[in-house]
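Quick one: structure below, then a few questions.
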């Protein structure tokens, strides 16, 4: 599918919907089925021991799935997370950005399903994985 | 099971392990199988529209499951989240604290499993539910 | 909520929709929010070592959530499972029926969410837990 | 990682551990990180309407994750499913085999995590996805 946003249009759209994400996230790549999002890791995302907190990884997975869902739909619709499953597999390195690779597995009339793998930038094995369901209101 | 912490001892323990939680959370009740945690909702937890953000609800579920797991073990061990599944069912009300009721379903040698229901304080129907697995290192 | 089925009407309805469940399941209790289903354990549900197979426990959780969802809706609608998360916590005993206690946490226009705890009949601690989302077509 | 089994050695091993799977499953591909398993669809896996039942898809995901976990470990160990999350996205076609592609995301000392995508043979879009955690006893 053709995306209805470029990466920079999507960042502007995110900025209106979630103003607090601007400082934390960047879109490295966006097409109609996959997205690569970067979380710019900063002191406030860290836990003692220099690792990234769970809520920060959750926020990254959530925004990556939102972007993957909205890219082929366009700006006219809202969507809300209804379900997430997430596995924390390795300790992220505090000194590196986190990279989320999202793949839109399904875009139905009422629901989307997106798989997300999260990596410490430059490290091969994923630190976490998540699958998210977004509910898409019928207004679309 | 007898808990190895009172609620105030647990808050001191949390304070050492997750210093950032002090301002956000309080323990309303704690025994060896269940915990009731309160998230003191504040501007920084809110999303546009006055609802509580997903990462804030994740953080509440995570700390409630951690407290439920550590209560019967005591302070000598570490534990890390390995898995969460979470369903977002209703919009929390921005002007009310969130209340998490955690039930420890299993405490094994290597893993614990905790169910958590999250409510807007004073509202009957839950806004979210989660189940979390904590991995408990063998050092115990 | 008042259920739109008695337990025996629900068994007849299940019989039309899932003819293969008749021999395996019984409804011990049904109201508009909770259901207690019994899985009549038999040779074909067992694994080596005398324990109940994972697919059998999945089938029990799935039918319990279906019954909890349909009870307040009535027979006019179809519903399909879209998501399950399930934790296997203890080995079920091969010689005992399995009992599933389902609680309908949400019944929305498009989705239901049901929590299920599964027990070996007569044993206190649960062997498994599951949460299921059913998608409810708009025809309703 | 080098697998400790060829596909046919793994089938023999499965045969000893889960004798009931022999008729249902075949291994199309196996290496130390991925597995492709085929479920030979037959009358007994079908639901009214000619679609494959949920418990059958669960069984396929479970055995694919088991094979992905055991391939790099070898036959000396046991492993049990502790958690699954699964999304049902499209109706499988009753007349086609199901193909599961499993990817081992983590093999730790105590736990493995495997992602599984399930397809109707010859159809591009996945019908379901699952992530499974296996607990690996320390005997290893």
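Chains here go by letter, A, B, C and D, matching the order in which they are written, and residues are numbered from 1 within each.
FYI, contacts are C-beta pairs under 8 Å (C-beta built on N, C-alpha and C of every residue); 3 or more make two chains touch, one makes a residue touch a chain.
Worth saying up front: this structure is predicted, and the values here are computed from it rather than measured.
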item	value
Between B-D and B-C, the pair joined by more C-beta contacts	B-C
Interface residue overlap between copies chain A and chain B, same or different (over half shared)	same
Centroid spacing, where centroids are CA-atom means, of chain B and chain D in whole angstrom	33
Inter-chain centre distance, chain A versus chain B - centres from mean C-alpha coordinates, in Å	24
Averaged-CA centre spacing for the pair chain C and chain B, given as whole angstrom	28
Touching two or more other chains - residues of chain B	82-83, 85, 87, 89, 133
Residues of chain B that touch chain D when the two form their complex	82-83, 85, 110-111, 133, 135
Residue ranges of chain C in contact with chain B within the complex	85, 87, 89-90, 105-106, 108, 113, 115, 117, 125-126, 129, 131, 133
Contact set on chain D toward chain C in their complex	17-19, 47-48, 53-56, 58-59, 62, 80-89
